[in-house]
Structures are given as structure tokens and as C-alpha cells.
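So, here come the structures, one by one.
Each of the next two complexes has chain A plus one other chain: chain B in the first, chain C in the second.
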Partner chain A sequence: MGKYINMLYAICLCVWLSGCWSANELSSITIATALGIDKSEKGFTLTLQVLNPNEIAGKEGLSSRTAISNYTESGATFFEAVRKLTKVTPRKVFLSHLMLVAYGESVAEEGISSSLDFLIRDHELRTDFVMAIVKDNTAGELISVLTPLEKISASKIYDSIESAQDYWAPTKKVQVDELVNSLTAEGKEAVLTGIYIVGNSEEGQKLQSVEQTKPLANIYINGIGVFNGDQLVGWLNEEESKGFNYITNNVKNTVGWVSIGNGKVSVEVKKNDTKIIMNQKNDAKTFDVVLKTVVNIGEVETDFMIMDQSDVQKIEEKVAEKIERICQASITKAKEYESDIFGFGEVMRKTSPEEWGKVKDNWSKQFVFAEINVKAEVQIDKSGMITSPFYKKIKEKNSEE
Partner chain B sequence: MNKSKWNEKNKKKNKLTSRALYNEQLIKELLGNSTELVSKQVNLEEEESVTVVFLYMNGLVSQKLVQEIILEILLIDIGEAVPILSNKTKSKEDLYHELSIIANELTEVETIIDSLINGKTVLFIDGKIAAFSIDTKGSNTDRGVEQNTTQQVVRGPKDSFTESILINVALIRKRIKDPSLWTEQMVIGTKTQTQVMIAYIHDVVNEDLIKEVRSRLKKIKVDAILESGNIEEFIQDQTYTPFPTVYNSERPDAIAAGILEGRIAIFIDGTPFVLLVPVLLINFLQTPEDYYQRSDIATLLRCLRMLAVVLSLLTPSIYIALTVFHQEMIPTRLLISLAAQREGVPFPALVEALIMEVTFELLREAGIRLPATVGSAISIVGALVLGQAAVDAGIVSAMMVIVVSITAISSFVFPSYNFAISLRMLRFGFMILAATFGFFGIFTGLLLLVMHLSSLRSFGVPYLSPFAPYNSSDQEDAIFRVPIWLRDNRPKLINQKNIRRERSWKVNHKK
Partner chain C sequence: MKEKINLRQFMILIFINLLGTAVIFLPSIATNFAKADSWITMVITVVIGCFVICWYTTLFIEGGKQNFFVIIEQGFGRKGGFIFGFLFLSYVFLNAVANLITIGDFVSVQVLMGTPSKVITFIVLCTAVVGVRYGLEVIARSAEFFFSFIVISIILLFLFVSPKIDIQNVFPVFQMNQASTFVGIIPILTLTYLELIIFLGIMEQVSNKEKLMRGYLIGGIMGGIVIFVVTFLCICVLGVDATIRQTYPIYVLGQKISLADFIQRIEGIVAFIWFFTNFFKICISYIVLAKGLQHFFRFKSYKIFIVPLAFLIFYAAYEGFKNSYYIPEFINSTYVVISYIIAVIIPLLLHLSLIIKKLKR
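Our next item is the complex of A and B:
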């Protein structure tokens, strides 16, 4: 018995020794949801968006305070700036629930690698936040904009990026681990989502902005920032971004249209599968991008009969042509920036390592001269609830009158 | 005082004589002239001064039986087909003859007193240095077989044991009509002289187990056994454990099922709770109804009870660990909502949880003790203390009320009250561990708990079997309850002999 009692004593003593190590009551932490990184003379200026939980989930009548508040601090290093934030925040900053890390365009142009180390190294951070670049404005301005519907703007941006990627494909959700992978990978360059503010960013920070049906400032997600090394070198527009997603096999669902006769037919891409194959003929190296796409007819504004095989084939060819054009546009833009964001170099490294060894040192120059063929195969799967469009009948009726 | 010492002290001076009246006085003195000791004197007519004295304890005997016996023994029977009693007493010889058939002759004073206490009627006759005892036991203190109150079922027999050991054994015999159902009797408690019976099926039970139970019961040296709990504490394998290693039930069908599996039932006079040994941890999560409902229902309900074990043990501690140490594990939106609730609460999560848990335990205890007539008062007050009022007062957060409620509901799921108490006790330990070390503490605690559980034995059978040690054939009635016609074997670790039940193929309905 004595042995057990001694053991019990020892255990009890441990309880006091620990001093509740690393315990934080919920009421002593403040949840950070977004981090904006901008340039300053010393180094970094960080803007931290923290939550005011009572304004979001409190059941008492909401006051006129905002649900989020921002704190700004500068420091020579990233970590220093983060820690200096505690001077202005009332409680310990809790970074695990960070949803967004936004770079100002000027920081991104200078290089982002110096700030990435902390984001990966710190134990408190989960790696599931999205990263983005703010076009035209500073990151601080972006995360200060209030958004309607969603009180936490970081959460709005996170959800927008995710749904835009899944249903429209003009952008790409990039998380920190993926960014670091593509920054360090051989034969592949990094990309980041673009965000911009439409409207008056000053007015958008005020509560009045979201008190009306049309907010004074809105946050848009569009385009993809192209990196060369860790520096932002340029942007892909919406169509080129879509092409990028086609080539990197990142299209889950999107909508496009083609002209048929004197009208348009819209199709919804339901499934897309892309393969990049490297061919070697003597010394010339060519890349084939092969897309297999399944689409549904979404909208018909012309006299097109789904029952007619030749019409179906015509649409399939037109859509394939359009996809090829989009992809080529995207490739042309990337070549302009001398940045192989698609990972053709990686394909080469995998298929023929010896060849890669020869070119890897100046691949970005070589990439510009690489011959890349895009071949799309489109198959129409479903045509929706109507087989023969009533468009033609209405037209006929109009002409009769 | 020890019984043997009492005997020796009284043996010398307390000797029976041939005078009935003297003997009567002796017994009365030894019983401290207790008022319920009734004595009746009768003089036999034929011979002068032959006195017969009847003694019995009022309340322990059936008055009707005593009267019948007194009359029948003393008076001459003059009827032919039907006994009709005359108004004359029998002769001394006839009386002796009659008594030699229906009564026991006792010469020791202490055995006479024993039989008085056990509801027998004792006769002293002049000229005989002995007493005759006739069984007139029949007490109006027994209640009938009533519906059981502690382990209720929706489907299944509703009867329950009573305070009378004979009725209890009879309830088992009614269910198992097999000559190999054997019982053994012993008396435990020097003062209470409590009758204890063990019952088992001779050709199923493990011989060593009977020996072990017998020897443990014989070793009990105590003055009073008032309830089966007293016996349980003496015979359990390990005292320093929060877990029960002896099963108790009020339900005859549960005890009968246990006996049929090769366990031993221990009946104790004066309590409706019958003990069953050996018992495994998993038995506390099974109800008799599992065998009366379809097997799939029973299996699902058992899984539900397993879940209830986890919830009842860990809900508050997981809440504390998550909100104090591991906020990154909570989904963001839930965290925001929790943070908003905790905003106005002045206490740390542990104190908050302790306040609510202790309040709930108090309420629960009060609910048991309160007379039924004022019982509704406690539910009204309870709803206030453990409800919205506590939240509105800013003492606890709304989430804590939900946590306590989940804990409370799941602790009421268990069919065994004593198992639920074990978890209640451990819950507080886990809360402190969680508040000190977070999940690390909880898992260390769980590890220690599993180590402790696997060290437990119930009459030599590992407490965690059939999981540790693993026994594949016993899995058919552990968490799963396979259909009865598939259940061929009795639990292996409990009885090593005659493991196979009768092969009972499912009735073929197609024929």
C-alpha cells in the first residue's frame, strides 16, 4: 500500500510542477483569422485580423462594433513583427485558425521566401490556410474591408477562392505547403491566387459599407499571379488562368461557350483529365498536352438539335478547339514571363533525367522555345431537360407576325 | 462478543433441567425477557403436575400454525375419517410419540435459542432434560414477489427477488427444473445468523470455482450480514478498485441465466439482491433484455452502451482539454461560438465544469433520498440550477450545460448502478488530468485505467476477457449478441468443463 501512496504523491506533485503548461483559457486568447503582409522601410508590416466572437455568435443584441478588428505592426523580421503585435492586441494572439495569408503586390514582387519560413516552422499554425496576392492595394487594406453576409472577411475570401476554383476555375486555391513545394521543385514555378478590391477601400472599412445592399467596397477573386523563383513577375487574366487550370488538371467544373451558326451554345465541363507527355524526336523535344473532357449542354441559343449526331459532333469539335485556344494563350503568356508554371520541366525530369540534367540550369530560357501541342477531346454527355430547343419556334412565330 | 466465548461462558451455568418451568425461565433470561417471546403453559390432565411449556417468538411464527400444532399435539384425536379433536389432553407417552415424529429433540441451550430465533416453536415437558422444536416459521414480514424496480425491461419477466431467501431460491428453481441445480447453505454472522445459499449447476460449473466460493464464504468472520453488499466486500478479489467484481441483480432471470452459464449465485437472506460470480467488465454493459430482443437490436444497443461508457467518463474532460489546450482542434466556427459563450464566464473551464458536475451529483443524490411526494420539487430546482438560469447568471457557459447533460444522460444508460458509480468517480479524476495536461493527461489516464482493468480478476477470471485475453469464441456474446441458435458455447473462461450448450439448430420452417 505504501508504495502506491508514494506513487500517488509523486503524481500529485507533478500536477503542481506543470503549472498548467501551455494552457490557455478561451477567454484569454484572441482568434486571428487573416494576416496581411506588406512592405515597410524596416522590413515587414503585418496586419492581423482578429475576431470579436461576441459580435459573431453572441446572443445578446449586437452592438455597433465590427466583428473583426485589425492590428498593424512592423518589424525587421517576420517573427519579430508577429511578436510585436502583442503590444497592441489585448490578449494572446492565437494563430491556429488562420484562414488567409495575403501578400501585398509590392512584397510579392520583391520575393516571398523570407516570410514563408515562419509560416511553416511555427507549431501553432496549421497549414490549411490559403495564400493570395492583393492586386493594386496593400494587404492591410484588403483584410480591413468589411464583407456583407459573412462577417469574417477572411472566411469570405477562403470560401470564395474554394468555390471559384470548383465551379468556374479562373483561380487556384494555394496552401502554404503546396506553395513551398512548387517554390522548391525543379522544373516548376509557383502561382498564387489574385485578389482585388473593387470600390473605395477606405469606405469599405466602415460599418456603413455593409449596411446597404451594395457595399462600398467588394472583394473579388480573379486571375493567377505568376512567379519566377520567389518573385511575382506578372498576372494571368481570367481566360489564361482557366487555361492554366486545364493544363494542370485542376478543372473540376466550369462553364464555357462556343458560337454555332448565328448563336451561342454554352457547355458545362463536368469532368476533365489532362496528361502531359514528352516526345523526343532526334534533338527536338515536344510536349503534348492531352485533355479528355466531358461536357453537358447548358444553354442553347441557336437552332441546334441534340438528336442530330452531326450537330453534336460539331459542338464537340468547337469546344475542343476553344479549350486548345485557351490553353495555348495561357502557355504563350507564361513563355512571355519565362516561367514554367505548368511543370513541363518536371515532366521532362521524370521521363528523361539525362536530358533534364543538360537543360535544368537555364530551363526558364529553354522553356520559351519548347514546342507544346495541346490536343483536346471533348465528349458531350447530357443535354439537359430539353431535346429540341424552342428558340427556333419562337423565331418562326416572330417572323410570321 | 464472539459466539464461542459466549457459549463457553454460559455453558456451565445454563443447563437444562427436568423442570419445564425452570427451563422456560432460563430461556427468558438469556433472551433478556424480550417481550416478543411468548410462552404458554399447559398441564396434562392425566398425571398431576406435568407441565408443558410452549415458547415461540411472536412475529417470526405463523400464529395459525402454532395454534394448530398446540391443539393437535395436546388433544386426543377422536375423529375417524376427519380429525376431530376432543377436549381432553393426550397422555405423556402419546405426546412423546407424536413429538418424535414431527419435532427435533434439542439438548443444548444455544441451539434452542437458535431455533427460537429462526421462528420455531419450542416445547419443554416436565421430566425431560431436552426441548422439542417444531418448525412453525411463517412470517408476516415477507412481502410477496413484486415487480422489480432497479433493472427494468420493456420485454421480459417482471418479477423480482424478495427479502426471503426461500422464495428467492424457489424463483430460480421455477426457471431451472434440473436435478443438477444444487444449492448449499451456510450461516454467516455471529449475531445476525444470516442464512446464505450458493446455487450452481453441478455438471456445468467449474469445481475449483465452487471450492473457491465456499472457502471465501467460510472465511468471513463478522457479527452482522445485513445485505449482499456486506458479503460482496468480503469475497471480492481486490478491494482497492473503483470497479465492481461481483455482479448483483434483483432479476431472477438474470441470475438464472448466469447460473446456466456456469456461474455461482449467492443468495443472502433478507435482501432481494442476489450475487453472481465470477463477472466480467462486459457483463455490466449487458442487460437480460438483450437476449429477449432480436440479436441485431441487442448488438446495436450494446454498442450504444459502449459509447455511453466513453461519454459518461470523458465528456467533461474532453471539453476541458479542447477549450484549454487544443483550440486548434476545434472547427473555426465552433470555436468562435464557444469563445462568445465563454466571454462572460469568470471561471476557468475546470472550475466551471466542477461546479456543474458537483451540482449534478448533489441533485442526483437528493433525488434518490427524497420521498416520492416531494420528489417533483427537486426536478424543478434542478432544471433551474443546471439550466438556462445558470447561464443567464453568467456563472457557466451554455456549452457546459450541454456537456453536463450529455454526461448525465449517458451515466443513466448502464443497467448496473454500481458500474455507473465507478465511472462517476473516475470522471472527476479525468477532469483534473485534462485541466492539467490536456489530451496528454487524458490518454495517460486511459492507459493507467486499462492497465488497472487488465490487472483485475473476478474469482480468478480476467476482468477484461474475452477481449484481453482475447477469446474468439466468446465474442459471440460480448459486444455482439449473435442469434441464440448460433450460440453454441458457454463462456470459456468461466467454466472449463461442459462448455458446449445443447446444439440447437434453428427450426427449419420450410418443411
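Our next item is the complex of A and C:
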């Protein structure tokens, strides 16, 4: 008897093996890759970039359609706008593979906090998409631009932000949890990378644009947008953005040059380590930003000959000076915006909580008067495959002739 | 024939029970109190927890190493034993229900979105019914089997998430929130070591009772270390604010795993850890509940109570879950009071009366 009851149990349990309760087959969903957020009179205008699977995975029957399509809808709240999109999309929108969330500049200036809750709360969204601000244009226009090489423009932007951060350093890959952390943290303000369209944005939406070697519109990633609270207050230019990444220890690899002799020497930053230290003497508080940078010589286009260690030192000093200068430029700009994007307040909170308690209520005003010293220490490591440059020889030959 | 479990199995059950609800709720609760110092709270809790464990074992030995319900009757007499025994059982019942609710909520929020939590609750309960019908020995043996998987998952989680550690997040160490670092111990203890009082119900079935204290302590300390490391990782990787904000920070910790853009999106291992630990926790509560009823109504077998209890537990879980906000609210208020009454005051009274009775004799 017991045998039969057990069998009955087993059969009953089999019922649950059939699969997920709310299973969605691939053919019944639309995969979204990018989300553009703009403002409208009602609330939000969302532009959604979805994949056209046939054009990406299909081997045969490739039509001349684009790999991505865009839909626009507006709603009073973010969630409502997302759901209203089903009115225009053929199938239910699936957000798990989202790669990019872009804000239009005007939304960012008004404040972005109202749209963030959904991005964190909704279970369908993972936290690994990047966030950015579209400079000058609306977010809808940006994600409509077709890009060469990558058929999916969201994927292009994602990779560009990442590689620009890793090899050139004036951008920052900000994900939603980091953004929320810096929006809520005491003594630190948020930043987001800027994206902009160069060229004709209308023409860039057409397939003809990418059918030629030089597309009619291109997407560039550059500069860092500075927030105060949840509002965009201004932009750092390329150099200042780089300074920002130096101070926040986010430089992995970049290239810089210094003028020496009658030309320039380029160096490749291989390693950078930044520490922010707070000093306290009596009532005066100063911050020291200490950078330890290892560079390789990348290019020599000057008659300056690197003969011995003193010459190496000379270049090291020049590079250090330059790094210090761009860091200071970045700090000056941030002070102009009254926004402590570097997290000096946070350093203060961590080193001396009592002092922080006194200033935290008007830190953005206090930050402007904070004394910040930048000290860079540069070490030249390798010189590539050439030790003695031939630039001088060519020049000498030129002058002989 | 009495079912027996060996010391190793007992230790594993303790370890699993400690992790059960704790690993998923504690980082939030502790960090809510002590902010960046919540790992200190955890360390102190583990130390206090060891004392709690020692005390429970002494109580068990003082009572003559018998069934806990017999000990209660010895201490409070027949009628008193009935009242206090039922108070204890109601706590065990609450525990089973609460664990069932949390497993349903967790799975339906984080893993199987769209599936009603009731359905998950029902499936888990069905499995528990089968487990409890087979008895403690089978539960202990299957726990022993899954133990290695649980430990491997925990180690994998620790290893994979460790590159994301930002040690800066724990600073300033013990400068702010000094008082709340200690206040946080009160609710955290209820979710971890005080729940181990349920084990008094199955302690007499451990075969090697001489080394009971050692097994109890090792299980307790191992579990404590895991909870401590999880909390520490949550602060270091997610930061204080995010740890407080998230409903289930450890799951977000799992989502953070990304090694060389290759090993990623394996937050399932967190769900695995939690699903199994919580399942065994429900089973233990369930079996103690059935055994208590068997004792008080003088039945020959506890198995007769299993199915009716399943209906009760399911109904309580069905009605008890108001909304997602209710769980943390309950843990921080009602549950603290109930826990301290059942797991501290009653055993204290019991211990006193046992000592007094011994002295009289």
C-alpha cells in the first residue's frame, strides 16, 4: 500500500517539473537593448531600441531592414511608459538584456531620481547596463543613430564607453547601482559620461548612412557630466575628465604628452594608484591627492636625447607636473559647480567622523574653500623597442642638405 | 526503535539551521543598525551565541539528557509543562511558518518571477511532508549529503566576489554608531542563535551525547563565521547604503560576480545555498512540532500529526504574509519579543526550577 502512495507522491511532484510558471518563449518577446529617457509634458518619453533578431542571427533571407528598431511612448510615470510601449511593439518588451540607459540633457538638468527607482526595483532589469547623458540632442535621437561595424548601436556605445575608459580615460562607465550609491552617499556627488552625435542625426537613422565608409552621423563618447544632487549642473571637458579619473583612481591606461626640447614626448600610463589623504593642522583641513604613476615612453618627436638617468628624471618631472595640472583643473571646475564629485567629503567622513558631522550640512559650500594639494610621482618604466631616438639624426640630415 | 543521528549530522544540521533565514536577512538588519560597523555586531553575536549554545547544552544535561518535553514536565510539573510546552511549540510553529513565508517570498521575488509565492510555499511544504514522514534520520542524512554542495557554493560565492571588495567601505571603524552596534545584537541574536533552542527537541536522538557540546559549538561557530563573512562582503562590495536598501543583499552580491566577463550571472548559487538551508530548517521545526504534540497527547507515533500540521502550517503561511514590507517589520518588532520570552525567559525558569528541585532532593 505504502508503495502506491509513494508512487502517487512521485507522480504529483512530476507536475511541477513542467517548467517555469511564467515562461516566455523567445518568439514571444522583444529584446530591448537601449532605453532613452526624455521629458515630455506628461512625464517621461521613453525611446526603446529593440532587436530585429532576423537581421542579426539569420543566415539567409537578410532583407535590407535595420537590425534595430525604435519605439517611442510617453507616460506619467516611468513604469507606465514602459508598459505603454506594448501598444506599439509587437510583443512584450523584455528588459533583461538592456545595455544602455541614456538620459536626454534636459531630463538630467531637471533631476534623474524619479526614474531610478524602477531601474533598481524591477526584477527583470539586471544592474549591468551603463548609464550616460546625451549632450545637446535628445536620448531618442541618439539611440536611433545607426552605427557601422556594430549593428546594434547600444552594443557599440557600451563597448566604446568601456574601451574609452580603459585605454583613454576621459570617460567613466557608471552602472546604476554605482550611480545610486553616489547619489545617496554623504560627501560625494554623482557623475555620468556624456555621449553626443556628430553629423546629421536625421540622416544617421537611415541605412544609407552606414552603407558608406564615412557614416553621416557618428556617436562620440567624451566628457563627464557633473551632478549636484540629482541634477546635471555642468560638464567637464576631456582633460578635466581625465583629471577626474586620475583623482578617483580610475585610470587604467591612457596616453599623455609633454613638451620637451623643441617637440613633444608621449608617454603611455601603464599603472596609476591614487590615494586621498586628509591632513588636519589645528583647524585647517587640507587634502592631499597622492598619485603614483608608472609610464612607458610611447613616442619621441623631439631632439631631446635620453642619455642618462637625469634625462629620464627630467621627463618624469614634466609628466608629473602635467598630471598635477590637469587634476587641479578638474578640481577647479568642480569647485565652480560646487559639486564634490571626487568624494573628498567621504574621505573626511571616514578619517574623522566628528569633523564631518560639523560640516556635512553645507559641504558643497565648504568644498569650494577646501585646500587640495595634488602630488604626482611618475616613474618611467620601459621605452618600447627603441632606446635612442632617430628623430635628431633625421633633423640633422635635413639641415645638412 | 529510536531514530539516532550521529554527532557529525547534528553539527551539520546546526550549521544549516544557522544559515537558514539568517544569511539572507542579517546583512540588511545588521547594517541598518550599525552601518559600516555591522561586521563588529556579527563578531559579538557569534561570541554571545557560543555562550547561548553552552547554556542550552547545560540545560539539556541538567535535565537528564532526555526528550526536551520530558524535561519541561520535570521542571514545571504536568500542568505547567503542558502550558510552557505549548508556548514552546507555538514558537516552533511560528518558525516553520515564517521560514516557509520567506522562502516563498524570496523565490518569487528574485528567482521565479511571476510565480505566486503560495505555489512555491506549497511545493516546499509537500517536500517537507515527505521528509518528515521518513523521519529525522533521513533528514539528517540528506542534510549531510547536501552539506558539501552548500559549502562549495558558499566558497565559490566568496571566491568569485572577492575581487570586487573595496575595503574603504568599512571605514570609519567603530567611530560612529557605537551604541547601535550593540543594539543590533538584540534582533540578530533572535534570528541566529536563539532559534537553536528548537534543537533541544531532537538532542536526545544524538548518539554520542558526551561530545554534544563540542558538536553544537563547532556547528554554531562555523555558521557564525559564514554569516560574518557574508555581512562583511555585503558592506565591502555593495556599500552600506545598498546593503540597507536591498531586500535580499546577498542575492545582489551574487549578481555582482563577474570574472573576466566570463563567469557571471551565477547568482543561482546564492539561491541554492538559501533554498537548501531553509528547507532543512523547516523540516527540523516541523519534526520537533510533531514530536512535541506526540508527547503531550501521549501518542505512540508522531506521524499521525504530520498531514494535519501541514494544513495548519500552509494556512498560516497563506494568511500570515501580508506584503513584502511585513517580513522585516515583524522580524524587528514582534519576533524579538517572542524570541526572548521563549528562548531566554522560559529556559531560564526551567533551569532554575530544575536546580531548585535537585537541591530539595
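The criterion applied here is as follows: the second predicted complex is superposed on the first by the 377 of 401 C-alpha atoms of A that agree within 3 Å, B and C clash if a C-alpha of one lies under 4 Å from a C-alpha of the other, contacts with A are read in each partner's own complex, and residues count from 1 in each chain.
Following the convention adopted for this analysis, a residue touches a chain if its C-beta (ideal position, glycine included) is under 8 Å from a C-beta of that chain, and two chains touch if they have at least 3 such contacts.
Predicted, not measured: the structure shown is a model, and the values here were computed from it.
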{"item": "Which of chain B and chain C A:Met307 touches, first, second, both or neither", "value": "neither"}
{"item": "Touched partner set for A:Pro353, first chain B, second chain C, both or neither", "value": "second"}
{"item": "Contacts of A:Arg126 with chain B and chain C, given as first, second, both or neither", "value": "both"}
{"item": "Partner chain(s) touched by A:Ala284 [first = chain B, second = chain C, both, neither]", "value": "neither"}
{"item": "First (chain B), second (chain C), both or neither touched by A:Met99", "value": "first"}
{"item": "Touched partner set for A:Leu13, first chain B, second chain C, both or neither", "value": "second"}
{"item": "Which of chain B and chain C A:Ile29 touches, first, second, both or neither", "value": "first"}
{"item": "Touched partner set for A:Asn181, first chain B, second chain C, both or neither", "value": "second"}
{"item": "Doubly contacted chain A residues - partners chain C and chain B", "value": "20-22, 124, 126"}
{"item": "In the complex with chain A, residue positions of chain B that touch it", "value": "240, 323-325, 327-328, 332, 335-343, 345, 348-349, 432, 435-438"}
{"item": "Chain B partner contacts - residues on chain A that touch it in the complex", "value": "4, 15, 18, 20-27, 29, 31, 33, 51, 53-54, 56-58, 94, 96-97, 99, 124, 126, 155"}
{"item": "Interfacial residue positions of chain A with respect to chain C in the complex", "value": "9, 12-13, 16, 20-22, 120, 123-124, 126-128, 177, 180-181, 184-185, 349-354"}
{"item": "Residues on chain C engaged by chain A in the complex (per definition of touch)", "value": "109-110, 112-116, 119, 123, 126-127, 130, 168, 171-172, 175-176, 238-239, 241-242, 245, 252, 255, 258, 265"}
